[in-house]
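Shared chain: chain A. Partners: chain B in the first complex, chain C in the second.
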Partner chain A sequence: MTAFLLNLATLAAISGILASTLNFIVGYAGIFSVAHAVFFGLGAYGGAQVALLLVPDPFLACFVAALIAGGLSLCLALPALRVRGEYFVAASLGLQMVAATLFAELKPLTGGIGGLVGIPRPEIFGTVVPVLPLALAALALILFLTARLQRGAFGRTLQSIRDADSAAEALGKNVNAAKTLAVAFACAGAGVAGALYALHLSFINVESFTLDQSIQIMAMVIIGGTGTLWGPLVGAIMLLSLPAVLSFIPFIPPTEVGAVQQIIYGLAMTLLMIFRPAGLVGDQTKGRSTS
Partner chain B sequence: MTEVLLKSENLARAFGGVQAVAGVSLSLPAGQVTALVGPNGAGKTTTFNLITGNLRADSGTAHVRGKPVMGLKPWQVARLGVARSFQDLRLFTHMTVRENVLAATETAAWFWQPGGARARATREDRAVTALEATGLSALADARAVDLAYAERKFLSMARVLAADADIWLLDEPASGLDLSSRLRFGELLRAATARGVAICLIEHNLDVVAELSDRIAFLDQGRVLAEGDPQSILRDPALAAIYFGDRPQEAA
Partner chain C sequence: MPGPKIGRRGALAAGLALPFIRPAIAQTAEPYVMGSLFPMSGPSAEFGEAFTRGAQVALQHIAADNLLRRPVRLQSEDSQALPQPSVVGMNKLISVDRAHWVLVSWTATSKAVAPIGDRAKTIMVNGGAVGPDLAGLSPYFWNVIALAHLEVQVMVPFLVRQRNARRVALIYVDDPLGDGILGQLRGTLPRHGGELVGSFSVPRAAQQFGPVVARVRQTRPDAVYVASFGAQNAQIVKALRDNGVTQTICSYSAFGIDSLRTMPEAEGALFTSQKLDLTGAHALTSRFATDFRARFGQPPLVYHANYYNAAYLFGLLAKQVETAGGTVNGDSLRAAMLATRKFDLVGGEGEFDEQGNMLTQMQVNEIRGQQFVAIG
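This part shows the complex of A and B:
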């Protein structure tokens, strides 16, 4: 039971990082990306290869993962950010499709469909350490940075771009640079989450980095409350514990848990958007405002 | 002769078959309010968009204090000291009034602004001054979306003020304001021109134009038909005929 809860807590912390970083670009910059799992995956494969080929040092794995995910997000974001709103959603959807295929096909780097197995446990100074404290520390760091950026000038810049990008530009803000920077920060964070995920499970494959995962992360953000600090974390914990809670309900046969879960997700999302349109933590006046 | 801060020559731009702007030459002298007057579709807002880099000109040039601005992006033009307001305001609706104005003082796109604590204090001072000048101090914590009509117009002006630019391009900033708000708006412009700001104002209400402007440029069908002091332009019967839709028949 303890192991089960520790596993759940670790996954919740990792999902919390994913949701918080996605929220940073969705909630503050208004960039609706359905490709967050791509950068989660890039970080996971990068971190896993560091542990497999070099040393199972979690800090090095996270650093390399952040570098790969953040760096590649720059190459991909620069052309994609030229398109706005719903067109960006379509562009990121395309990216998600392409990346999932590449993850499945690039055998030397990703292990193909079978994925990477036998990823060693993380070691610090030769001692094997659990991933949970590392994930919690990374989550705390990300939340701290998000809070700092959100309250400061950069947060205002992103919000001004979200509300009226042409006016922000007319005030001297380099809109594309600010968006790119926000995307790189968020994707580097997703990369760190990926490395921790790989080290925690010691096995990864493309299944964890598909469109389903991207949508799940988006759902965490929306359910918790976009543009809030704690909302994405609340959303991540709720969506992750839901299957666990369902598996304890005796009258649902284990084979049907998946289907019941989908129905509950759908119902919860619909009810939430009707009664709490700004998410569980969000300022409810925002969701209802007329403009 | 006062210094000309912004000068455009023969700006032209066509959209498909429509020649929206057909060779507009404008000079904005420091410390003066120049009103752009003309019927709808005369090319007034398009002229602004060509100068600020929101639209690319087919031909012509524009210089800000002698520096060419053609081909620059809007944010680059803004950093040369050109602030503009929009006819549809484009406020940062979900941010507070104070945040709207603070955002106007922060131009760096990096994670932090340059200059440290001292520069931050200066920016905050500028924001406070802009809020006081526009009478919005009491509403500093209200969100822009919750403001009344006139307050939104003044918030748009507060952003221009806080941007600390010396060239203002204002697109119908006074439309729909009542008399007392209009007087307050006039004071804002006078205070700015006294500091040497060059203002260009698009305005349809000829009373406002007569009240506020030092010069008028009359635009029609993408051309400057006449330029001069308000009295001579506003009394010109030929221009009045065009403005009020009584266009003289062109020779067939």
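This part shows the complex of A and C:
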């Protein structure tokens, strides 16, 4: 049981990083990206290659992953500067599709659909260490930085951009710089999550970085509560642990196990959104229909 | 007098307690646990159901023959054919259910769970995925299905000699499976007097094949080899026939599923599989076919047989370990496999190599009148 719970906790912490970083651009800056899995993937491939080709040092892997994902976040920042709302969703969707295809095709770097196998487990000073404490430390750091940034001038600038970017610009805010920085921070965080994911699973392929994954991360943010510090983390734990809990239901016939679990899972999500429209942690005065 | 009331919190607490009921019951019987990690939801659920049915009949036989001193319980987990749910499921099977033996499928799933099974020294047996890169994943990872590159070596001589189909075009999914088959066709066809006249890769998620089929037609092939899997196989077959390709369609064992058997466009298609003569004199095969029909009301297919073999092999090996007075675990089961190597399984004798790959006789099948007919 312990190993099962530790594995779930590790994946929850990694998902928590993903959800928290996406929340930073969705909840605070109003940039609705459905391409977060791209940066998760970039970090995973970057971190995996460091571990495979150089040394399985988790800090180096995370640093390289953050650098790659944060650096290439311009791919997302550029459309974010030019379009907004549903038009940006379409732009990020395109980026997601292009990236997933590249992940499948750049075989020397990504292993193609076959993926990268045999990624060594992380080592610090020659000792193999579990990913969980590293993931928890990274999550804590990202939550701390998010809280600090949110309360400071940068956070207020982002929130003003989210609410009315023209007004923010008229008040002298550098909208382009703020958006670019927000996207870079969120994508670098997603990259770190990717490196930790690769080191934890020892195997990655494109199937973990598709549009489905991006939507799953977005669902974590919305279900937990957008624009809140703890909401995305709660959403990540909820979305990850619910299928695991459902797998303990004893009376489902083996051939029906998947269908029954998916139905219960879907129903739970629907009911949750009906009764907690602003998410589990969000302000419940928001999100309800006024009609 | 008002009766006891169960509030929402009480109902929630009862619901949370539900998962712990089964282990309390299970501890009294102490069965061996056989895990299965198949896609049980989503577009590949058809495969997961087929795999499970094969294993269920094997467990029925193990129990009926009193093969083992302890019962065997099948614990199913939904892999969704994706790496992350597979890893969660595998961790549950190993650390919560204490699985002695895990049936796996799908290439990505297999690769994702192999390190976990390797660390826990739990035997994992694949009977569905055929990617050539699955050989040698771990000493505890075995294959009871011929990997795809071996199937090509059977199909090519049949095409050239029996069907006089020398010009072969290939439509293949862009992954290790497709790449493996492409490499094999390039090497095998010239050796038998054939020629690979064109090879066309398709993305894994593609659903429209009109342009690819047009290019296939331009190569004027005698046969078209389809190397994909899941629902994409059926979509490619339909696209070929809808766009006027009348030549022979051929493939590997992934064609051995009901959705293709009953598809009018797949009539006449050829595919290789492990030898499975349900009407022959082989006792275990006949018994399997009879009991499968009785339980599920349909004749068994190759995938059913593969996972029957994957599950029944546990019974044979665990019996050996029990008889020798040992403890049934990954190491003792592997030692028993390496000591014996040859086993009487559905379809005939299967022999394992050092890496745990089963070598068995192959056959060529044709989809004829919505039936799979062995023709070579």
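What we mean here is this: the second predicted complex is superposed on the first by the 268 of 291 C-alpha atoms of A that agree within 3 Å, B and C clash if a C-alpha of one lies under 4 Å from a C-alpha of the other, contacts with A are read in each partner's own complex, and residues count from 1 in each chain.
Just so it is clear, a residue touches a chain if its C-beta (ideal position, glycine included) is under 8 Å from a C-beta of that chain, and two chains touch if they have at least 3 such contacts.
Everything quoted here is computed from the prediction, not taken from an experiment.
Asks: Let me test your reading of the model: by the given contact rule, A:Leu149 touches which partner, first (chain B), second (chain C), both or neither?
Replies: It touches chain B, and chain C stays clear.
Asks: By the touch definition at the top of the document, which applies to A:Leu60: first (chain B), second (chain C), both, or neither?
Replies: Neither partner.
Asks: Once chain A of both complexes is superposed, is A:Leu102 in touch with chain B (first), chain C (second), both, or neither?
Replies: neither
Asks: Touch test for A:Leu136: chain B only (first), chain C only (second), both, or neither?
Replies: It touches nothing on chain B or chain C.
Asks: Given the touch rule stated above, what does A:Leu52 touch, chain B (first), chain C (second), both, or neither?
Replies: Neither partner.
Asks: Under the stated touch criterion, name the partner, chain B or chain C, that contacts more residues in chain A.
Replies: Partner touching more chain A residues in the overlay: C.
Asks: Per the contact definition in the header, classify A:Ala177: touching chain B only (first), chain C only (second), both, or neither.
Replies: In the superposition, A:Ala177 touches chain B alone.
Asks: What part of chain B is in contact with chain A in the complex they form?
Replies: 52, 54, 73-75, 78-79, 83-84, 86, 90-95, 99-100, 102-104, 106-113, 145, 159, 163
Asks: Spell out the residues on chain C that touch chain A in their complex, using ranges where they run on.
Replies: Going through chain C, the ones touching chain A are 18-22, 36, 39-42, 45, 48-49, 52-53, 56, 74, 76-78, 80, 82-85, 87-89, 91-92, 94-96, 107-108, 111-112, 114-115, 131, 133, 137, 173-176, 179, 203-204.
Asks: Mind pulling up the chain A residues that touch chain B in the complex?
Replies: 149, 152-154, 156-157, 159-160, 162-164, 166-175, 177-178, 181, 185, 286, 289-291
Asks: Enumerate the contact residues on chain A facing chain C in the complex.
Replies: Chain A residues touching chain C: 1-4, 7-8, 11, 101, 104-105, 112-115, 117-118, 201-205, 207-208, 243-245, 247-250, 254-259, 261-262.
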